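Look for chain A in each of the two complexes below; its partner is chain B in the first and chain C in the second.
The block that comes next holds the complex of A and B.
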């Protein structure tokens, strides 16, 4: 047993309104720089859709993540023997076209334009060439099903659906969508770390945040290809790769990351998870059908004395252990089984989990026309009448397995019905309770889930332990000496070359 | 602190200053010998026999210094000016003209003095040309020396490090100096002396301290002469053709190996039902 701590996350998709506030908060704090203008460490995608970069889930082309080959866990992209062959021309990189050509507007024309009959306009100009461009793509080009005949129809997850289901999904009466905010998953088995030829990427021991050392990065861009979620970006100005750093300067001071803090729908939860690093490889070798269970088995019970002992031996502090016991993430993922990792079949074991959206799932139809629901039964129709087929969610969150998705959805549906029975009273309590039991839940748990979902305070959502940087410093230098000597120091901006 | 200057030191300096002019003639003689080695010795010896030009031993007795001085300074004027002695010498040495070396009047006087002094002292300067015909063994040894397969006795660098010539194998030789394939045509009888006592500034820098022996120079010269007798190398078309074929097939191979590379997704998206 090798217990380590990980700052983990849950995004409750039922609450996401797709406002992109998180993306803007992140952009303003971190990526509003030359060379980083196309980076969206946090982005919000509309599903069904192709996302950003276009079709990032298409691993046939992008070759991200891990595969089991000859009984061993290997990167899909390359192997230790082969990577040198392609090091100067790495063939699986997204092009600018899969991201977008960054642009700005020529605002000065508004002030300097000559006097004429028409109003002056600020034309879009490329940030690459400086010339006028006809904008063809953007970071959320398919937002709210924009361009859906092209983008939504090419969602990779739709391959799991039958032809009939696909047609139904895209016809106007039964159109459905939900939002998927994405940041770096800070995986337990990160493919980007494994692929880096320079050894520049590392997973921090104290909180599991995956970072790129800008002094060591040589810009080979293997991480860009190896990350199946395409959350590492290459900065063309500094010649180094960059990624979400989970706002670690904020996390270290007990604050939630910028995207978490600014979230309007309060969909984001952050807490500590303890996981057993010894089990990772065996879990990665499991077949697709057992991956969700294997991933949950990695996560250790913070109340188990054996776990606590092993964690202490690894230097996990008491505050972190205490915080792990109060972790909202542990409750959503392990206790309740509601939150699921995105695409577990990539075998990186993300530390970000999603509670699938129940929102527009159910629906009543007659002769192809939507009915105005008149009773609770009509609102909460069985899952199989959901507008969004379970197989789609299974492809996104269950490695193709419907069971874990169904379990989560059924429980949420049962809780809604239960709350309807207790608060509104138009459902029979006995029926609601039976439904609750059937969904592997009880009134007590239903209440807890309801509270953490709907009535959660700031402290409920973000349980971030003190990180004790002063103790981390002790490893390297005498803290009293450092106290007298450390200041802002000489800041060296990352740049090309050695 | 500055070192103290003692009266004894002052005296030593004064003595040195007085003696210096007396040493000057000796220095001048050394200069003349250096110039002789540099400019004359490729073709002439003093007391070692004829080479490309005549042995200069006893020149003072044979001709007046005035004539010799003029000839040394500007041989072309004497040779073309119808001077009977010059014409006779030209005939005697098979029409090999002495080049104008830009020697000044003072230098000519110094050289004549050197010739007289050396004659009087009974010394010899330079070595006579080897007169025998080159054997196949000479040519083979010459090639070995040229290519550096055998080292020069003095440890001088092999010819091949700077020069190329026909028949050195696929890679040829260096490109710093000229190709020596046709050198025997250009230098004629001066080839071997030019190897032994090169008059070229670049070669002098290299060979001054590590001169070739007469035998080595003869062997290398024989090798270079033998090249002139061989038919010129054919321009080989195989190499450029092979190059083009190689390039095309290399590009095809690279294209084939990279056929599964990422070719862009967004542009290739097609609406699907």
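The block that comes next holds the complex of A and C.
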């Protein structure tokens, strides 16, 4: 047993309104720079849709993540034997066109334009070349375009659907969509780390945040392809790769990252998970059908004395253990089975979990009035009548397996009915209770889920132990030495070359 | 005098600067060590340019290094005409690959609108020198046969004399100017090495073969 601590996340998709506030918060703090201008460490996608970069889920093309080959867990992209062959040109690397060419507008023309009959316009110019650009795509060009021929129809997950389901999903009368906010998953078995030839990417032992040492990165770009979520980006100006750093200066002081803090729908939760690093390899070798369970088995019970002992041996502090016991993520993922990792079949074991979107209530209608369920069958009828087929969600969150997604959706439906029964009273309590039981839930748990979903305060959502890194730094360096220096970390202008 | 300056002074300046600046740059400006790849901006013509150039020049370079370390082996191999032809033809075709590659890279660098943006003056200098180096090498190989023979008898001992700090420029003094210019631009490449993107050659990630797949760094415990 090798228990480590990980700051982990839950995004509750039912609450996401697709406002992109998270993306803007991140952009303003971290990637508003030359070379990083096209990067969106946090982005919000409309699903079904192609995403950013286009079709990032298409691993046939981008070769991200891990595969089981000859009974061993191997990167799909490369191996020790083969990596030098492709170092001169890497066929699976997405180019700027797969993301988008960043642009701005020549605003000064509005003021400096010569006097003429027409209003002056601010033409779009490329942020790379500075020349006029005919804008063809942007990072969220598929926004709200559920059912569109260009975006929704090319969603990689649609291959899990039958022809009939696909037609239904894309026809105008039955369109459906939901939002998928994405950041780096800070995986337990990160493919980017394993693929980096220079060994520049590392996972921090204390909190599991995955970072790139900019002084060691040589720009070989294997990480960009190896990350199946395409959340490592190549800075075309400095020739180094960059990625979401989970706002570690904020996390270290117990604050929520910028995208979490700014989330308008309050869909984001952050807390500590303890996991057993010794089990990762065995879990990765499991077949697709057992991956969700194997991932949950990695996560250790923070109340188990053996777990606590092993964690202490690894230097996990009491404060971290304490917040692990209060972790909202642990409750959503382990206790309640509501949150699921994206594409578990990539076998990186993400630390970001999603509560799947339930979508609109689709009970039966009579004379334009929705009827409340009168039996357990009716409670769960929306599962299979939903516009979004279960197989789609299974492709996204269940490695093709419907069971874990169905479990989560069922529980949420049951709780929705239960709350309707207790708060509004127009559903028979007995029916609602039977529904809860069938969904492997009880009133107590239902209440807890309801509270953490709907009435959660800032402190409920973010249980982040401060890591007191400042104290750790003091052990290593004399703080007085730093007094005259500039801030933390990187103290060199990030310029290209020598 | 000129010979001493060009073939004793200059090589030493180039070598010493290459070593000292590379180390200083690595220690003080580690951030500046990068392959500075532009594949992200343009990938299709880079495939031809970069692949042909790198594979070609690596074979040519290893040929030079082999003849430098084991000149007798080359001479022994060349004892049969057929084997000599085989060696020369292989070397020449690899050099031609490199030539096509470097030309493709130059064309790409000056025609692609995005790649132009990330082109520095030193990139231009480096590409020009590399182009000259490969072109002059091919010219010498064709006109002054057989390179593998005289390299082993004259050039290798001369280069060794430089390394042994007992330079003997007279060994290459009688060689034609075209050959000497090839030497000089070779030293120029060494001189340019620490100042340009060529440093990526010094940080070829061979350690990947030894390291564990996952890297975990603990704040208090260091690397594990």
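One rule holds for everything that comes next: the second predicted complex is superposed on the first by the 451 of 498 C-alpha atoms of A that agree within 3 Å, B and C clash if a C-alpha of one lies under 4 Å from a C-alpha of the other, contacts with A are read in each partner's own complex, and residues count from 1 in each chain.
Here is the rule we use: a contact is a pair of C-beta atoms (placed from the backbone, for glycine too) under 8 Å apart; a residue touches a chain by one contact, two chains touch by 3 or more.
Since the model is a prediction, treat every value here as computed from it, not as a measurement.
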item	value
Joint occupancy of chain A by chain B and chain C, clash or fit	clash
Which superposed partner A:121 touches (first chain B, second chain C, both, neither)	neither
Partner chain(s) touched by A:319 [first = chain B, second = chain C, both, neither]	neither
Touched partner set for A:154, first chain B, second chain C, both or neither	first
First, second, both or neither for A:203, with chain B first and chain C second	second
Touching partner for A:95 - first (chain B), second (chain C), both, neither	both
Chain B versus chain C as contact partner of A:28, first or second or both or neither	neither
Chain B versus chain C as contact partner of A:194, first or second or both or neither	second
Chain C versus chain B, contacts on chain A by residue	C
Partner chain(s) touched by A:457 [first = chain B, second = chain C, both, neither]	neither
Touched partner set for A:240, first chain B, second chain C, both or neither	second
Footprint overlap on chain A, comparing chain B with chain C	89, 91, 93, 95
Touching residues on chain C, where the partner in the complex is chain A	25, 29-43, 46-47, 50-51, 53-55, 113-114, 116-118, 120, 122, 195-197, 199-200, 203-205, 207-209, 211, 213-221, 224
Sites on chain A touched by chain C in the complex	80, 83, 87-91, 93, 95-96, 128-131, 189-190, 193-194, 196-199, 201-206, 214-221, 224, 234, 236-240, 315, 467, 469, 472, 475, 490, 492, 494-498
Residues of chain A defined as touching chain B within the complex	50, 54-55, 58, 61-62, 89, 91-95, 97-98, 137, 149-151, 153-154, 163, 166-167
Chain A partner contacts - residues on chain B that touch it in the complex	258, 260-262, 264-267, 269-273
